[in-house]
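In this document, chain identifiers A, B, C and D correspond to the written order of the chains, with residue numbering beginning at 1 in each.
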Amino acid sequence: MVWPMTPPQHLTLGQLNAAPPGEFIAALAEVFEYAPWVAAAVAPSRPFATVTGLHQAMMAVLQAAPREQQLAFVRGHPELGSRVARARDLTADSRFEQGSLGLDRLSEQEFARFQSLNATYHEKFGFPFIICVRRHTRDSLLARFERRLANDIEVECHTALEEIALITRLRLVAKVDGPGKPTTEGRLSTHVLDQVCGRPAADMTVALYEIGASARGLILTATTNRDGRTDAPLIAGEPLRIGCYELQFGVGDYFALRRGSWPAVSFLNVVPIRFSLSEPEGHYHVPLLVTPFSYATYRGH
Amino acid sequence: MVWPMTPPQHLTLGQLNAAPPGEFIAALAEVFEYAPWVAAAVAPSRPFATVTGLHQAMMAVLQAAPREQQLAFVRGHPELGSRVARARDLTADSRFEQGSLGLDRLSEQEFARFQSLNATYHEKFGFPFIICVRRHTRDSLLARFERRLANDIEVECHTALEEIALITRLRLVAKVDGPGKPTTEGRLSTHVLDQVCGRPAADMTVALYEIGASARGLILTATTNRDGRTDAPLIAGEPLRIGCYELQFGVGDYFALRRGSWPAVSFLNVVPIRFSLSEPEGHYHVPLLVTPFSYATYRGH
Amino acid sequence: MVWPMTPPQHLTLGQLNAAPPGEFIAALAEVFEYAPWVAAAVAPSRPFATVTGLHQAMMAVLQAAPREQQLAFVRGHPELGSRVARARDLTADSRFEQGSLGLDRLSEQEFARFQSLNATYHEKFGFPFIICVRRHTRDSLLARFERRLANDIEVECHTALEEIALITRLRLVAKVDGPGKPTTEGRLSTHVLDQVCGRPAADMTVALYEIGASARGLILTATTNRDGRTDAPLIAGEPLRIGCYELQFGVGDYFALRRGSWPAVSFLNVVPIRFSLSEPEGHYHVPLLVTPFSYATYRGH
Amino acid sequence: MVWPMTPPQHLTLGQLNAAPPGEFIAALAEVFEYAPWVAAAVAPSRPFATVTGLHQAMMAVLQAAPREQQLAFVRGHPELGSRVARARDLTADSRFEQGSLGLDRLSEQEFARFQSLNATYHEKFGFPFIICVRRHTRDSLLARFERRLANDIEVECHTALEEIALITRLRLVAKVDGPGKPTTEGRLSTHVLDQVCGRPAADMTVALYEIGASARGLILTATTNRDGRTDAPLIAGEPLRIGCYELQFGVGDYFALRRGSWPAVSFLNVVPIRFSLSEPEGHYHVPLLVTPFSYATYRGH
């Protein structure tokens, strides 16, 4: 995957603490979209001991701002999946985030669905729907969108600020290195154990799919190594997108290669394991304990 | 499903043993398609002690016939999935058998595929492709078709007679009651055990799909009873069609109704178990041992 | 095991309903020990439609009797494990019940323990400790004995009558055949599935032990048949004795005989499964799903 | 456990490579018992790049020695479990090795058994029975002893030298630090997963026993931490003793503390898992996946 963006510049917390106020504000300008006043407000409070502390201070500024200023800030965000999303006036971060979900590649029908939700939402609340896109599959995003339409304005303002906390935390972590970075990454891993010979199952193919309400999408394929694991976690280094997934293990091919006395036609061929991820920063370990005629799985960590 | 046929008339072996030769031959005329001479040849050997014995005697007549007579018999069968299959001149049994696989409802593309295989086969061997359709899904039938194209004529004649034995055995069993009927039925069943409370899982939805190479088809849905089983086996009373299947268990809904302390978002929601059936007369028991976070399955009997 | 008793005479409920009152009373005299007045009181209420109905009527007589008469009845029972238990003056049923637990074969130390509990109990309550011995292992019996010493007299009278209901129900069921017999039997069974070859594991040895606090006792050994089950349930036809048990499966020998490529030294040899039975009339199915390197078990029914 | 020995002095391979020959020989004198000539023979070949290389060189000297010198060396070893084993004239290493198995604390009966085996062995082969005691439980040691009595002298000489390789490798590793140390350590570990709540099971008691033919010995008890593991492996830092072991998990107490709706009497209380260790340098991971009514285990690594 190639994102249409320049890679983020990495700064250290030390550099930010030491920078002249103007440079500090400029460096963090895009963390809170179109709102350099947030960075400006925390500049005098430097030095920050941790990245988390810096983020909390910035969120505190936003939380303490007058409602009108909060709303102006929220209104500065692009509408989700709108034509705007394909236009020039997105910040690079917004483009990256929405692009990762395929929201800039909507079909006409899907685009219409989002347009309709956006319109209903905007009419009810007077600001665009804000959500930390990188923590969601399209299905979970749509589900949240519809559920949040039922909120009253007070709850929804609160929810929008919470989502902004999640969005800006991810942006800050991507931009600033240093001590005390908040956890923003989840992990999905697997492990295959051949219970016929009591050893890890090597050279078994594994495929990971996202299972959407209307379609499934292949995320990756891998092959188990001699430890029965994939060389890298299936997902790591980013939030897990809330949603439904399926692992498919090439059990039939694996045992066919090794069988002495196995029957010619396998009982198990492709073994699917379907599960939901609901904690974007969670660790999910989904092992497979398998013979040609049985298997077990469970949620590990 | 409604088959466009009148239900088969049931005779007893005793009635057949006692009938005048003409009636005996007429009663069994359609068992070996367009070949009343097979029934005629075994009429003097009556009485038969078992239905299996009657069938074996009829097959022995066919096996002992001159090659030309065998070929004439084989040539009397309709081509699989041909336009002929939708016409009037099929025997009722042939219509029933081919109809059960959806072969009379082929798309134009699929019809072309079968036409092409039929043509290649006919050109090579000089007779139509014979297979006991009721033991196959469309995928396994196509796989056999392609594999058998590679046979030489000697092996293929032998294979065609073996398939005729399977076809006529099913027809005879459907028509004649009596002692010593051959086994022609398979069984697929399931059982769900809730391992949180150590009891059968009642009121869980179960769906059975056929998993084809290009599509999946819902065969049935059911709900587990208080023993954690479906009231009737998932498949019984007929041969199992060789092929790939998937059971889907409504585990998330089941535990959501019963949960006290379960997390709001289920790790397991729909649990799929995919397996292949390769023995049409086999008994396959596929249980699910399940908690909200783990499950196991195995092939039972 | 040989019990020092003549086998119980079987009567039918019909015979009892039709018998002269004197014979009816005589036939049931030993069901409520030394208390023919119980049978006498229900004789006029005949005919009884079910054995359960007869038993409930007899218990109702006991429940409605004056406290002094109840206590006299309770006092008529032998002390548990006392020297009395080896003497002549036990009813045959009491000898059978206590003998089945080995309570007439106590060591001097154990005898002293029971003597001490009996004495404490008798001093506190003024009547002997009553318990339906056939529903208990020695450990569970001792645990109940100690727990019940803490009861007040009101609760303990109630408990003694409940135990008498259990004792007399078993005696009545053993003596009288007919419709509506109460359930007094439990069942323990097993099933071994070889998950390497997807079939029941035949010819595997199984041993069942009672696990006492201070010792273990072999109850039986068996060998699995071709269905992977024992020919008869491990326990059936009687109440399950509340207590701790262990099944031991000869997994190492089983796989050693069948192995092609298994390592010379087994990881699993004897596989123990330890569990408690707490429902004397329950059905406990304890299967073993096994490979040379893994196994699973669960409570089935 | 307190061993009646001073802790071994640690040298580095570098120190040995640089030492004057006399010191080198003195430092390694006890590695090959009473045979400083082995160390003397390899002294000129220094420097050794790895500890394994040093050991292989010393073994090559022994292998190349005349048979009479080999036998004299073998005869210099103490008899296993002899009274000699309690006397003064053992090397400190021999005392440590035999002591670890309890062979200096034999009962009179066991002592007689060893004496008898020793006598038979000595009579047949003319030298004492040599075995790397630290890789065996008493049962596996006795089994080897009896099996090796059936060898002919040629095979048994070879076997004795192989055991000496194992013994001296352990002694060398204990004495010398440096690159390329041979693997002499095994590992046994466990992991408990609560499949009701999909999390590691914390605060569960675990006991490890050695299961001997005639008795069982408690090796250690531990409690699982919040990862469901014991803080340290159950065995590590030494060879695993070949033999039979049992883990016992306090499953009943664990769930009793956490249960909301569990039945008052647990089906599972103490869960035993019995297995054999046959590779002293192997890694054995024996996890428990458990609910109040089911569990599974398997050999991991």
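General remarks:
One rule holds in what follows: a contact is a pair of C-beta atoms (placed from the backbone, for glycine too) under 8 Å apart; a residue touches a chain by one contact, two chains touch by 3 or more.
For clarity, every value in this text was computed on a predicted model and none was experimentally measured.
Taking the CA centroid of subunit C as reference, the farthest chain centroid is that of A.
Here B-C and B-D are compared, and the pair linked by more C-beta contacts is B-D. A separation of 49 Å divides the Cα centre of subunit B from that of subunit C. With each centre defined as the average position of its C-alpha atoms, the distance from subunit B to subunit D rounds to 59 Å. Annotation for subunit B: residues 195, 198, 267, 289, 293-294, 296, 298-299 touch two or more other chains.
Residues of subunit C that touch subunit A in their complex: 195-198, 260-261, 267, 289, 291-294, 296. On the subunit B side of its complex with subunit A, the touching residues are 242, 244, 246, 252, 263-272, 274-276, 278, 293-299.
On the subunit A side of its complex with subunit D, the touching residues are 193, 195, 198-200, 227, 289, 296, 298-301.
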